[in-house]
Amino acid sequence: MQPAKILPKSAFPGWIDFLKRSYTVVGPKAMHGQTVFGEIETADDLTLEYNQSVIPPKKYLVPQREVLIEYKLDGTEVEAKFNEEATVVFGVHTCDLHAIKLLDLIFSKGFTDQHYAAHRDNTIIIGYECLTTCGPESFCRSMGTASAPESAYDLHIIDMGSDYFIQIGTERGEALFTGYDGVFTATEPDYARMNGTLSDKWQRFPYRLDVDVTEIPDLLAESYHSDHWQELADICLACGMCTQVCPTCYCFDIRDEVDVTLSVGKRVRSWDSCQIDSFALVAGGHNFRETRAARQRHRFMRKGKYQFDATGMVGCVGCGRCATACLVDITPIKTFNELYRRQQQQPEEVEA
Amino acid sequence: MKPKIAFFDFTSCEGCQLTVVDSLQTNVGLLDMVEIVQFREAMTEKGTDYQIAFVEGSCTRESDEDRLRAIREQADVVVALGACAHLGGINAIRNIYSIDEVRDEVYGDKGEWYETYQPRPIDAVIAVDAVIPGCPIDRDEFIAVVTQVLQGREPRIPDHPVCIECKLNETVCMYLRGEICLGPISRAGCGAICPKYGFGCVGCRGMISNPNLESMEEVLEQYGRTLEEARAKMSMFLTYQTLEEGES
Amino acid sequence: MTSLLDQTRFSESIYKPTMARIVDINDLTALDRLFTVELPDGVYLDHQPGQFVKVSVLGVGEAPISISSSPSRTRQTFELAIRKVGDLTGVLHDLQAGAMVGIRGPFGQGFPMDRFKGKNLLFIAGGCGIAPLRSLINQVLDDRGSYGHMQILYGSRSAADLMFKDELHEWENREDVELLLSMEKADIDWPACTTGYVTHLFPQIELDPRNTIAVIIGPPVMYKPTIAQVRNKGIIEGNIWLSFERRMKCGVGKCGHCQINHIYVCRQGPAFQYQHVKDLQEAM
Amino acid sequence: MTTNVKVDVHHLTRVEGHGNIVVNVVDGSLEQCELQIVETPRFFEAMVKDRPYHETSHITSRICGICAGGHATTSLRATENALGIEPTEQTVLLRKLNFFGEILDSHVLHVYMLVAPDYLGLGSVIPLASTNPEVVLRALRMKKLAGDVCEAICGRHTHPIGMTVGGFTHFPQRADLEALREQLIASRPDLEATVELYSTLSLPAFERETEYIALRKPDEYAFIDGMIASTDGGEWPLSAYQSVTNEYNVPHSSAKHTKNQRDSYMVGAQARFNVNYDLLHPKAKEAAEALNLRPKITNPYANAAAQVVEIVHSIEEAIVLTEELLERGVQWEEPVKPTRLTGEGVGACEVPRGILFHHYVYEEGFAVKANCVIPTGQNLANIEADMRELVPTILHEGEDAVTLKLEMLVRAYDPCISCSTHLLDVEFVE
């Protein structure tokens, strides 16, 4: 790995200006009491100390709405469309870096999704080490996502008070400093300070899960027939907010949109949600996941087990977004802990 | 041959027809695709030979019914345009009063001058093939529905809650701002424009077909709002539906 | 020459269809039509019976459709039996020969023909399940010597709903094929036709359970009772094969619509060995 | 000379709402001359009854889809006056900007799509799309600009969202305002072309002097708030609106008629022009010059031309306003809270078609009484007076010509009929 860099905070605004010359720069911005990823004009727009953004930065890799192909209706022209905008995404939290790693696996597995790949190729990801938790709903430490995974970032920033310690993940990350002279190579004492900062942070991150994350897939496998799904279904609004805000949800719909003269059109992909009634509805009216209970189960099984089976990573990274969004307070922590409690109780019940 | 389309207005503010005019701003090509034979708000000609009829407004009197039936008779496709036609909408607010009360209170001694009865959606009178919901309708949805009809397809509108679109906008939830919102039980498709501009959803596109009303009550309670407040909010566009339900 | 799958996989986008021409359209029933599709020059469809393609009409949408023709017959043209049920299929039915459609695929796992060789085959179709099964049947007929005894049970609502009537007659007339029909309304003059569901045909058949492979394709409601009958005949789970239909948007294991528990029907299926799916609650 | 003329225009077209023109001349004498308003009564005053104060503007905006923003603004001003709310300076500026969008939208619709076809001998604007596409595209472009102004401020033009009692619930970003300013400036060639188009149209020659009433403010061409002013002299505070309008019912109309110092008066662009000419933006005055308009205009057909002048005024003032907002910056402000929940108040705005009054009584935050007096209602008596004077002078032109000229006359007033149908008699306790 390349030696890390030290960027004095005083030099940070200049670096942003420098990057703006070649890239669209996006990052966390304060918006009406929330944080939202959006375009950055100057360093002042950035709020690097932030609680979870409403929508994760996945929106830069799998946009909410994306044109896949454009065509003439007579078939004489059919053209695939790809993202071409060179973007730097600033301030991605460690849990979101894990989520991006998972998306990378999904979209390259089997058939490579070239549209995702184009976004990934054009998007430089700058992680930001969380030094405190993101408020009451997050549980990254329990999910093992409170530190940065190496393969997901190009650069990773650790706030060390007066300076930023910047880890280099890739060559193209390092290249962001090419031609910028406000940055220094990290030295031994810098590494020592960085290590101190990192080891200090853990006391601020509580464990919130009663079960070890490695047991989650088995726990869910055993909970498939739990009554708890119906209990969740009783209160679930089936509004789909939980999946929209989740950094590891990527299910999508594809539709054709045509101009009113019926001459040209495009095939558009947009986010979909397994919590919506019609998600698994087929012609003939058969709905393979008709009940809210089956849909809630599917959601948590996906997070806890199916995505693990497919990628080796648990599909929930503990960001807590869905818990914040859900109006009836269905949360992964409560759900996982409740399933665990029931699993623990079960043998005793059998004995009694 | 270009399909002939006609627009009809019943009791309404004509905002939906205006939105149709506005949709031309970005889709002027529509004029090449169809022949508009009637559009009273915008043209003098009145053709009676048409295949597609867009009907705006609620049915609010006996004589409207005949007009509606005549439209149904002529048109192959009848599309309800906007909340007034789709739901009864704003016009049905007064349905909480009996028609006699309306006569006495509102008309006074001039009650005999004007014909009226309890406003209703047009599908209470004739079969409707498609709806473009909303107050007012969404321009893009109008164009999308017309396009689908031109393609010979059956238009479909979303049947999931407004919340989903609201989250995509990254709007601060109205409940967190201490306001009430019908988003969780209302039909999306508007881009959650009301919460986006700071006003809790009033359900102008109608309810989704499978709302979790019990849970909605819990949401209200959890955020310190009352069922009465929610009912009041629902009464803006859904009075006709609420009353119908109460009767059945 | 490139195979369509390579064309799909290595085109700049897996979502970009190859434009192909409909060269022939024939009515099968009032609701079903058989489309013969011709790929552009230099592209051939290299498919397995049981696989599907994504068919699209530009400006309308895309749907997964099983390939109904056998790979043993043609390479540049293939057949799709399509039922008019909704948006896209409605528009497809309005097309005339000569129209262009988009094709991606073939996708999914078909039936493992090598494993069927030397075995007796029991094919069970309900309704439009005959469309994908026909690909398999014709493949076997074209290489008849490699397989054992062949039985086809086909359940249909009425005579008017029978698909591929000409071929049914052909199969009926062959010595080496045993074809039994069931109809809810048996209003046809047919040598072996029983009133009722396809499950009512089982008492009429004899088979060697140890050497028979059963393949079942039909509407969702058909699977459970039919599998029960097949099991009843003594056929083990490992010798029962099924094919599933689900909502599918991408066809390549991304969009999530076709998931049954952890399984993506579009990638691991649509053809499944019964034992791999029998415990999945959402499967049947 | 035979002098039996019967005009019966059933459901007048290219106007908002349903109205019929009925004229019956028997043996040269005018037996009947009416503009019948046959729209079903809407009962808006009854609809807002028992509703919380922050909902009234959302309901009353649905009186009319074309001047929805005007109704909403007027309603907000009435509620604010009733509940003792003084909006902030920023609120006043944002509302004004939105209002220019509103005026622009409605006027462009009227002058291009509703009135212009008459002068070009067409039944609608649609054939123009193939014969003179640049005219139609220009109209659509200008309407889009109007819609964009409203969208930036309160979400949409028809049934605005972001305006609320005491302020706003949404604020334009700097980038939105910058984009607006650019668009507004870029529309100047379209303005010139609009003025030019109208300078070539020849209006029917008809003059009838009447009383012209509009809001007036000392320092600006009034659209929101002000005193009620008349060209016959006199200024009244808003609270005295009933003594200005003197509403009365007539049997052939589901909209009430009004009169002030004469038997009828006129409101709308022409009245505003006559009352407030001195306060027009200089560029608007230049446009008036080019259109040969000087106060006081007494030909009612010229109302559409006066609207063209106001289009210029609105865009030029909107540019000034956008610059001012950019300079001072737009802050997120909580709406001003009511100082009382029981009270009575009147609000008035110059909506596109003229002066609009909303009047509410609230008890404990809920509306108990409401009254709206709508511009078209105020113009009805005046339109009929025009018709009565006009018909005898054109009888010789034949039935078709009489019909067309009467339709054009009514259309010139830009009537908004569904707005004006209200029948509720409300007694206000003084």
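Think of it as A, B, C and D in the order they're written, each chain with its own count starting at 1.
As a working rule, a residue touches a chain if its C-beta (ideal position, glycine included) is under 8 Å from a C-beta of that chain, and two chains touch if they have at least 3 such contacts.
None of these values were measured; they are calculated from a predicted model.
Using the mean of the Cα atoms as each chain's centre, the chain most removed from subunit C is D. A comparison of the A-C and B-D interfaces places the larger number of contacting C-beta pairs at B-D.
Each chain gets one centre point, the mean of its Cα atoms, and the points for subunit A and subunit C are 39 Å apart. Here the spacing of subunit C and subunit D, counted between their Cα centres, is 66 Å. Per-chain CA centroids place subunit A at a distance of 51 Å from subunit D.
Note: centroid distance subunit B to subunit D, computed from Cα atoms, is 25 Å.
Shared contact sites, meaning residues of subunit D that touch two or more other chains, are absent.
Looking at subunit C, one finds that residues 59-60 touch two or more other chains.
Residue positions of subunit B touching 2 or more other chains: 151. Chains touching one another form the pairs A-B, A-C, B-C, B-D. Per the touch definition, subunit B reaches subunit C in the complex via residues 151-154, 156.
Within the complex, the subunit A residues that touch subunit B are 31-34, 36, 53-55, 64, 234-241, 244-245, 257-262, 271, 273, 276-278, 292, 325, 327-329.
On subunit C, the positions that touch subunit A within their shared complex are 9, 11-17, 19, 56, 58-62, 83, 85-86, 89, 100, 102, 219-220, 245-247, 249-250, 252-257, 259-262, 267, 281-282.
Residues 68-69, 71-75, 78-80, 82, 106-107, 109-115, 224, 250-256, 258, 262, 265, 267, 269, 272, 274, 279-284, 286, 288-289, 294, 298, 301-302, 305-306, 309-310 of subunit A are the ones that touch subunit C when the two sit in their complex. The residues of subunit B lying in touch with subunit D in their complex are 9, 11-19, 21-22, 24-26, 28, 31, 36, 39-46, 60-61, 90-91, 93-94, 97, 102, 105-108, 110, 113-116, 135-136, 193-194, 196-199, 202, 232, 236.
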